[in-house]
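Labels for the chains are A, B, C and D, by order of writing; each one numbers its residues from 1.
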Amino acid sequence: MRAAVISGVGQVEVTTVDDPTPGRRQVVVDVAACGLCGTDLHILQGEFAPTLPVIPGHEFAGVVAEVGAEVTEVKVGDRVAVDPSLYCHECRYCRVGRNNLCERWGGIGVSTAGGAAEYALAPVANCVKLPDHVRTEDAALIEPLSCAVRGYDVLRSQLASRVLIYGSGTMGLMMLQLGKLTGAASIDVVDLNEDRLSTARQLGCSTVATTPDEIDRPGGWDVVIDATGNAHAIQDGIDRVAKGGTFLQFGVSDYATRVQVSPYRIYNEEITITGSMAVLHSYERAADLFATGVLDPEVFISDRLPLEQYPAALEQFKAGKGRKIQVLP
Amino acid sequence: MRAAVISGVGQVEVTTVDDPTPGRRQVVVDVAACGLCGTDLHILQGEFAPTLPVIPGHEFAGVVAEVGAEVTEVKVGDRVAVDPSLYCHECRYCRVGRNNLCERWGGIGVSTAGGAAEYALAPVANCVKLPDHVRTEDAALIEPLSCAVRGYDVLRSQLASRVLIYGSGTMGLMMLQLGKLTGAASIDVVDLNEDRLSTARQLGCSTVATTPDEIDRPGGWDVVIDATGNAHAIQDGIDRVAKGGTFLQFGVSDYATRVQVSPYRIYNEEITITGSMAVLHSYERAADLFATGVLDPEVFISDRLPLEQYPAALEQFKAGKGRKIQVLP
Amino acid sequence: MRAAVISGVGQVEVTTVDDPTPGRRQVVVDVAACGLCGTDLHILQGEFAPTLPVIPGHEFAGVVAEVGAEVTEVKVGDRVAVDPSLYCHECRYCRVGRNNLCERWGGIGVSTAGGAAEYALAPVANCVKLPDHVRTEDAALIEPLSCAVRGYDVLRSQLASRVLIYGSGTMGLMMLQLGKLTGAASIDVVDLNEDRLSTARQLGCSTVATTPDEIDRPGGWDVVIDATGNAHAIQDGIDRVAKGGTFLQFGVSDYATRVQVSPYRIYNEEITITGSMAVLHSYERAADLFATGVLDPEVFISDRLPLEQYPAALEQFKAGKGRKIQVLP
Amino acid sequence: MRAAVISGVGQVEVTTVDDPTPGRRQVVVDVAACGLCGTDLHILQGEFAPTLPVIPGHEFAGVVAEVGAEVTEVKVGDRVAVDPSLYCHECRYCRVGRNNLCERWGGIGVSTAGGAAEYALAPVANCVKLPDHVRTEDAALIEPLSCAVRGYDVLRSQLASRVLIYGSGTMGLMMLQLGKLTGAASIDVVDLNEDRLSTARQLGCSTVATTPDEIDRPGGWDVVIDATGNAHAIQDGIDRVAKGGTFLQFGVSDYATRVQVSPYRIYNEEITITGSMAVLHSYERAADLFATGVLDPEVFISDRLPLEQYPAALEQFKAGKGRKIQVLP
């Protein structure tokens, strides 16, 4: 089959590799669409993936093409979205229910061959069947949505919170949509890029701005979410949290990034800073929400390219053009 | 009556002032003992108290000496401990149940005359009657305990957590006692002062050390509590939190103190940093716990001085000698 | 002024009474609209209100007509909605933050003169100013909404829950609207009255039915809410909760009503049954949500009658005709 | 090897069966001690176990006798306690982190051969190594303790709760010990059997009684726990919950048992009724707590019998004599 392969640091190509064969409880998915995200760039930079070469792609959906000997839950022809998370179920973190902190955490498209290929392998337990009204290609959005759901699980924000989101890329916009879905009283979105803000405006939010200074909330925000990974945004955001409020670190910074925090304020204003990492107990729920129409694929997916253009797609993503970029193998 | 008075920045004396008269729903407490704490030093430095002069003392207990016209809950002669918290019950924070973040937060001994005097005024709602087996003087420990209870309310730590506490002053030791009472699997205590650590050892903890480097917990601690307010301790502590764990800022730092935080780690390890400020819904509960004997007054109270020595007592506290220092008016 | 007065059990009339005078921290509200609810019927039956006669009406909004000597937060002419809750702030429940369980719980329109009158008194802290785009009369809906918010606070339901609501009266419909606003994956509404179900259908829900038997959810519902108070509905609802799910008792049953519960199932399926009572820390938040347009007043308010028709309005409410009935004094 | 075998309904014998052979990620445990509990009786009555014959015993500890080909975490000679829970990690409940509600829930000693035998098989992930100071036999108590930990996880009770426990058998006593460890202000224990109450008294609780009527708590209890499974106890207990309090169904009733609940009270007093089922994310934590000495084995284990007497041991357990009964294979 044809597949994108990250063969070494900075090296990505589309090439022909062996077709996958399903294990006992695995299925082969004929990939309909596979989204790109920051993780793919990290892998290209030699981070995250334990070994190279690897076929990237952890955001995908497709049609079941073959099933393993002991698979009964899905059958050939079923349309499915795939949770890429691979947990060991054995380590200390798995055993206390925090599988996303698994000591042997793996992911399809990270530690095993992913969805940027004609076919991909997945444990049957990771496959969620799609209802008729959901287009297979669109369902590749479920994975990033399931990360956003985990973010709100961590927040457990109250009804009528005032929310500020940094970043209106794919993830910031998903945070916006879920903010509405968790009963925020207001949601303000900040991005440096005026262009991207227009999508936030289109989706419906209280205010968009290039800096929170333009927004009139003297008491600050109950919930501040970083969906940029950018040090300036994070530093600014922590300082904007209202008394009793919470800052969620959702964006992925460089390892070396540091921000400054005032312990006096943490104490005196009972501020909470917390974080959310990938998917936890949230994939099926994201699929259910997706089926209700919480994300409009035409807004979220900006580019659909053939698999052969995977390297160019990654280049475009790196350049920050568009929103969610997909390859359609 | 005789009373300690902080009359200006850096100025404290014991002098004679008018006796208090109870309002409608107030009582006059004949103070048996009043503890000193960092807040009193802040007031002496011109911080915290909205106006000077003020009679300090927010940790006290005594005997009801007079009751206001509409008081029925306590009578003259009753022994009571007093919650110093004065909330407005009207502001945005009070109305959402976060009274300790009250926009008009006040405290007996901070914004009104306190317990470092022969008599002190208190709203009857702030008075908790003491059971027979609790000595009146000892009950002045309930107030700091109620802050520690708030700290654990914020933490809501799970059974079998691994806890690390910085500081074995009065508050660190209370955190230790409550750590046991919330089912910690282990509690390690760190202090620079070997002398103070011996009390932690005496109360029973897993390890004491002058630095966590001496303690073998490769994965870090599920719960790390700062009870020092010291920047080095806080910085060190944040970096010791285990994956999925929580750092509680309980100590009061200088306004200017800053510590550095890694957003990557907050995200990737789902670390939480949070804080706890004074008393919230915790005073009566602290009184109940105190009555069960959770704190041994002979261990916690190191010095009992006459009221006339209030300035010297404050001096000694500042010098970091002993644990809880009380004046007995 | 003219006011509705419940003068004895079963006796209600509109009559002329003295105008109210504001206390120090009170305001007089020129009532624009006052909604009726089950509580008013209870008062008429001699329940709930500690003494009769009383002017009923705890769901109201209006214009500030006069302010007490120490009121600075609002001024004459301001449009406000009023939280009727009167807490003592002194009892054991108030002191642990569960003011709605206050031992001396009172309410405007229950224990003091209410909003079914030309003018009503309210503590300034209970008044929430309305933004320009909210019509004063409509804002009488904020009070029932604040009860519904408390219900969801108790539930703290996760994103993507499957919700079943019994009752599509005013409260069931509010529960529906908030169900959407807390990210339910599906919301099914059950009512005996086909007519009322059509409003649920109009507001947008997954299924409406006269019995859950018509709805295909073999595993049951994660969240089941009773908004009827009816014994049959409650019994049926408890038995429909999915494994690991929660039943919320929001409807007010007769004191004598009993339902049967299987302890084996509570244990084996970790079912939770819980309840929510009136307003707690939720009024301002309901006002904020109301301002976002979460309730369409034209759907929720079915009847607007002059104050003089209060007895007839109560009669109509009792007969179960319409949805929210208001008097406009 | 010798093993107890429940071969049919009501039929139990000790016989010779084949020695077990470890799978890839399994270990063979040379059982040191295996405790008996209500579940074993249920299996004997033809309930719970999917098929008979089965070797019972889900509370056990022992020495690793053999390890599978891919086991690196433990080695022959290691002393371990074993979590009997077998989750599928694939079903809807497992995938949302509620593995104890697993649709294919299994248990060692329930759905596979258990610890009432010379040797037993266990997945290596279910084995917890014992520290030197814990006796292997005693560690069979960790399993029931891990159920009790789950109970308190569900409760998430606040510091200074007033707790009432029905039943002072093994589980009631564990609930008592964990009640202390979660900072209860008071713990009252009720049992019909005066004899058993003496152990509760010995372990240290506030009051013991044969009925709560003998205990003076006019406002009721914040937390009421049923550890009997008895309908009378449960009915009585639900009615004793204080306003705002919680009832935990921990005891296992007959399927047919029903208790009556007042929906008015659930609503008006915001009472919660909830349940806890077996082990969830709690086994390692129970092992950690056990290592701190939270349970005195000499108090908890009343009988240690040879494996050959398994049928008699089960008889004695059924008769309600003693506390935890163990067989030592």
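The criterion applied here is as follows: contacts are C-beta pairs under 8 Å (C-beta built on N, C-alpha and C of every residue); 3 or more make two chains touch, one makes a residue touch a chain.
Going by UniProt, the chains are A, B, C, D = Alcohol dehydrogenase GroES domain protein.
Values in this document were obtained by computation on a predicted structure and should not be read as measured data.
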Partner chains that subunit A and subunit B have in common: C, D
Chain whose mean Cα position lies farthest from subunit A: B
Centre distance in Å when subunit A and subunit D are each reduced to the mean of their C-alpha atoms: 40
Rounded Å distance, subunit C centre to subunit D centre (Cα mean): 43
Multi-chain contact sites of subunit B, meaning residues that touch two or more partners: 92, 96, 284-285
In the complex, subunit A residues that touch subunit D: 25, 87, 89-90, 92, 95-97, 99, 123-125, 280-281, 283-285
Residue numbers on subunit B that touch subunit D, as the complex places them: 149, 152-153, 156, 158-160, 178, 180-183, 185-186, 282, 284-286, 288-289, 291-292
List of subunit A residues in touch with subunit B within their complex: 92-93, 96, 98, 100-101, 154, 219, 226, 229, 231, 234, 243-244, 249-255, 257-277
